[in-house]
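Common to both upcoming complexes is chain A, partnered first by chain B, then by chain C.
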Partner chain A sequence: MAKYIEMIRIRFLMMLAYRTNYYSGILIYSINIGAYYFLWSAIYGDKSSIQGMSVLQMTTYVAVAWMARAFYFNNIDREIAMEIKEGKVATELIRPYSYLGMKTMQGLGEGIFRLFFFSLPGMVIVGLLFPLELTTNVSTWGYFAVSIVLSFIINSELNLIAGILTFFTLNNEGLLRAKRFVIDLFSGLILPISFYPAWAQEVMKYFPFQGISYIPSMIFTEGFRGQAIIDGLMFQLMWSLILLVPIQLLWKAAKKQLVIQGG
Partner chain B sequence: MANAIEVEKLRKEFKSYSSRSGLIGAFRDLFTRNYKIIRAVNDISFTVKQGEMVGYIGENGAGKSTTIKMLTGILTPTSGKVIVNGMNPHKEREKFVQTIGVVFGQRSQLWWDIAVQESFRLLKKVYRVSDQAYKEHMEHVIETLDIGPLLDKPVRKLSLGQRMRCELAAALIHNPPLLFLDEPTIGLDVLVKLKIRKFLKEINEKYNTTILLTTHDISDIEALCERVIMLDEGKIIYDGSLQELKANWGEGKQIQFQFAKEVAQEELNVLTADLKVQWQAGERENVWTAHVSPTDMSDVIGRVVAKYEIKDININEISTEEIIRNIYEEGVVYG
Partner chain C sequence: MFYVSVFFQYMSQYLKTKLQYRTDLFVEFFSDLMFQAVNLIFILVVFGHTQVLNGWTRDEIIFIYGFFLVPFAVFGAFFNIWDFNERYIVRGEMDRVLTRPVHSLFQIILERMELESLLGAITGIIIMIYAGSRLDLVFHWYDIFIFILFVLGGTLVYAGIFISLATISFWSDARSSIMPMMYNIGNYGRYPIDIYNRVIRYILTWILPFAFVGVYPSAYFLGKKEWYGYAFLTPVMGLIFFMIAVFLWNAGVKRYRGAGN
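The block that comes next holds the complex of A and B.
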């Protein structure tokens, strides 16, 4: 276990080496949140609530969804793809650790870094600019913390799957882009799932995407209460376990298929 | 003594796609692809004893790297048996890699953006090396390779020679009994090469470390290895001592004549018809090289000098490099 923790530390150090990149990131995220804030204000107009959400809840939803994204989002799919393309995966396979486990830990190191150097300062800035409703309920914060950890797990698992597919296609830039777009759209980052037509909501129950952004954001804005929170967390937990199966199968097949490119 | 490496009838096949030419061909490729099976390693067998230093040589594309990748558990063999350090590399990967060290000269295994010592620290944790063992072993390694001053620099700021020395140290953190070096001296200057060779000899003597080395630099092999395994098109064409290889192939001398005037090969052949001589045109004008056995040397020189006007004469031993080049060209080893 010590080696995995050491890996989180190393990734944290690596991110720290390039920390200035992040300050511009905060600006971009703030602009994004601002744009959604004005968009939603216009849509709400005089109405006090749509689909049971007030405009204040909606603004908070958008802000939290983006800031949570900074935590669960990582580039391990691209990194795996690149390491396969450049043949660097060879040097990873001669180490006595699980490659996918190490990649996940690197993602976690990156996530923790972003949480402290991006999400927290970003949230303060956004809180100064726009009216947000941050709950004072300690248990809500607790559920939210559990929920974004599960978001991280589900998102990383999807990234691992997308990355491993590179073993078979050797170049899957298109797939990675499509995956990113699908996640942004269906996870509830851009639009809460409750705003989708009923049939679409029904279909999305059979996909893991809403476990990434919709559920933690709804918990935080107290759009979910009581049993709904437990159901949401169970949904996330279930998917984080189910996704382990395709990862194991793909990884097994990938190792057989493995061709080290270059040399 | 136990065998470090046992390989029997090892084979690796790759499927390779060939693209059709032209636009129509490209469209056809979308639906059906032509592919053929390429055999990169073709039923090779050999064993390496613990503590041996073996040179593994061959032309580009002969299958050296593919073999090393199978021996280190990165690639799965198509068929055949591989036992390294008493284990099947592919089956027990995590346990197995604990017992080997690998250096790929062409790719770095240190983390690019962080200081060398952070990489070392991570590897120390990864290989579960105790503080005491690390201190005892690595202090010596760091001193011998002279990398102490480099430890706090990020890898991307190191020169190639500095980086290679750090890579070597990184591969030895867990003091493995078996070391694979894939072109470790590629692109290095003579001084760094000498330092690395000296170091490799030292750890071989001190820890009885087995070393399997691939290289295109024959002087590496001459300096380090008593045994060479030579590979051509996926097959082993020679496996034995370097000494023997030289004795069988390197017998005789080369005499290079630079003539004042143009000379035809016919004339030269006629001149030395009763001796064992092979004439070969040199790279420059009017330069001819005679390959002769040592006993005929004075005869050849005498006859040529008597008949022609000579500007220059050189007498050379046949170098190992030349021997190996000859073998590559002919593809088999006689004798």
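The block that comes next holds the complex of A and C.
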């Protein structure tokens, strides 16, 4: 266990060394949130609510969804793909730790770094620029915290699956890009799931994507209350467990399949 | 003439290398299509809940998006300059480029072209035809030339902005993430400019004129007379911004000292 915590720490320090990149990152996110703020204000026009959400809730939703993304987002799929391409994965595999576990921990290190140096200051800046509705209810914050941890787990598991698939395809740049668009669209990052037509919502119930962004953001904006929060968290928990199965199966198959391209 | 023949030679070489890896090409097409679909789905879903966006209808917004994809695709195919700093300055590749007999900027455009991006233009045109037929737009024979002119204008606006940003590397070799930021700002131009507040509107028109890639030129085809003035400025803005970029580039190249040995 200690070695995994060490991994988190090292990645955290590594990110800290390159922190100037992040100041411009906050700007990028603020610009994105700004664009959506104006867009949503125009979409609402003089309607007071759409699908039970007020324009204020919607702005908050967008802001928190992007800031939460900074925490759960990581590039471990690309890193795994890169290490496979360059053949580095061979040395990684003989080291005394679980390769996938180590990758996840690195992702967590990054996530924690961005939570403190990116999301929190970013949220303050965005809060100054745009009207947001931050709840003072402590239990909502608590549920939200649990929920984004589960978001991180689900997102990392999907990244691991996408990364492992490189073992079979060798070059899967396209797949990784496609995965990113699917997640942007169906996780609820750019549109709350409740805005989709009913049939699409029905279909999405059978996929893990809304556990990444929609559920934590709805909890934060108090679009979910009472039982809906518990249902949301259960949905996330269920998927974070289910996704372990394909990871294990793929990983077993991948190790047999492994071809080192140079290295 | 020499430039044209070099251009076509590079192009044919490019096609040969790409066709060598057909599955990659196919996957790339597919992920480009997904990227274009994400924004379209956003528009479609949003308009499931509202009829008009500040007086613009669903089909008008879709038309603007379709138009935007065309210059954006041309830009993506020929001006792949977003990693100029790492690829050419940090690795010292710029030295090699400068020894070539064509203009250094042209050489880089040749080396970095990605013709498969042009597929986005086809998607864009299909989207425009779809939205246009629902809007019963009237087309004149000369509109095709105006369309080409506006697409070129929009492409040059994009190219001008991104080349200017790339030239920063000649003065400072620090890595910066200003490029992705610009891609994000570019997205603002896809929506009707009048939904933004005055400051953003001014920036998008005169400072980072992304509105000339989407909403302004589209307004001409949509018959929005109040925007015609801006629409016809599109090629002018394109030329101005591209000229500024080339000027900055030449000044930058003069200052270039090379990295490493």
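By our rule, the second predicted complex is superposed on the first by the 262 of 263 C-alpha atoms of A that agree within 3 Å, B and C clash if a C-alpha of one lies under 4 Å from a C-alpha of the other, contacts with A are read in each partner's own complex, and residues count from 1 in each chain.
One rule holds in what follows: contacts are C-beta pairs under 8 Å (C-beta built on N, C-alpha and C of every residue); 3 or more make two chains touch, one makes a residue touch a chain.
The structure displayed is predicted, hence computed values, not measured ones.
**Q** Based on the superposed arrangement, let me know which partner A:Pro121 touches: chain B (first), chain C (second), both, or neither?
**A** Neither partner.
**Q** More chain A residues touched by chain B or by chain C?
**A** In the superposed model, C touches more residues of chain A.
**Q** Once the structures are superposed on A, label A:Ile50 by its partner contacts, choosing first (chain B), second (chain C), both or neither.
**A** Touch partner of A:Ile50: chain C, not chain B.
**Q** For A:Pro131, select first, second, both or neither according to whether it touches chain B, chain C, the two together, or no partner.
**A** So A:Pro131 meets neither chain B nor chain C here.
**Q** Going by the contact rule set out at the top, does A:Gly101 touch chain B (first), chain C (second), both, or neither?
**A** In the superposition, A:Gly101 touches no partner, neither chain B nor chain C.
**Q** Kindly classify A:Gly142 by the partners it touches after superposition: chain B alone (first), chain C alone (second), both, or neither?
**A** In the superposition, A:Gly142 touches no partner, neither chain B nor chain C.
**Q** Shared contact residues on chain A, chain B side and chain C side combined as an intersection?
**A** Residues common to the chain A contacts of chain C and of chain B do not exist here, since the sets are disjoint.
**Q** Which part of chain B faces chain A closely enough to touch in the complex?
**A** Residues 14, 65, 69, 72-76, 93-95, 97-98, 100, 102, 104, 106-109, 111, 113-114, 118, 121-122, 125-128, 154, 182 of chain B touch chain A in their complex.
**Q** Spell out the residues on chain C that touch chain A in their complex, using ranges where they run on.
**A** These residues of chain C touch chain A: 24, 27-28, 30-31, 34-35, 37-38, 41-42, 45-46, 48-50, 52-54, 175-178, 180-181, 184-185, 187-188, 191-192, 195-197, 200.
**Q** Considering the complex alone, what residue numbers of chain A touch chain C?
**A** 21, 24-25, 27-28, 31-32, 34-35, 38-39, 41-45, 47, 50-51, 171-175, 177-178, 181-182, 184-185, 190-191, 195-197
**Q** Report the residues of chain A in contact with chain B in the complex, numbered from low to high.
**A** By the definition above, chain A touches chain B via 2-3, 6-7, 10, 13-14, 17-18, 87-88, 90-91, 93-98, 255-256, 258-260, 262-263.
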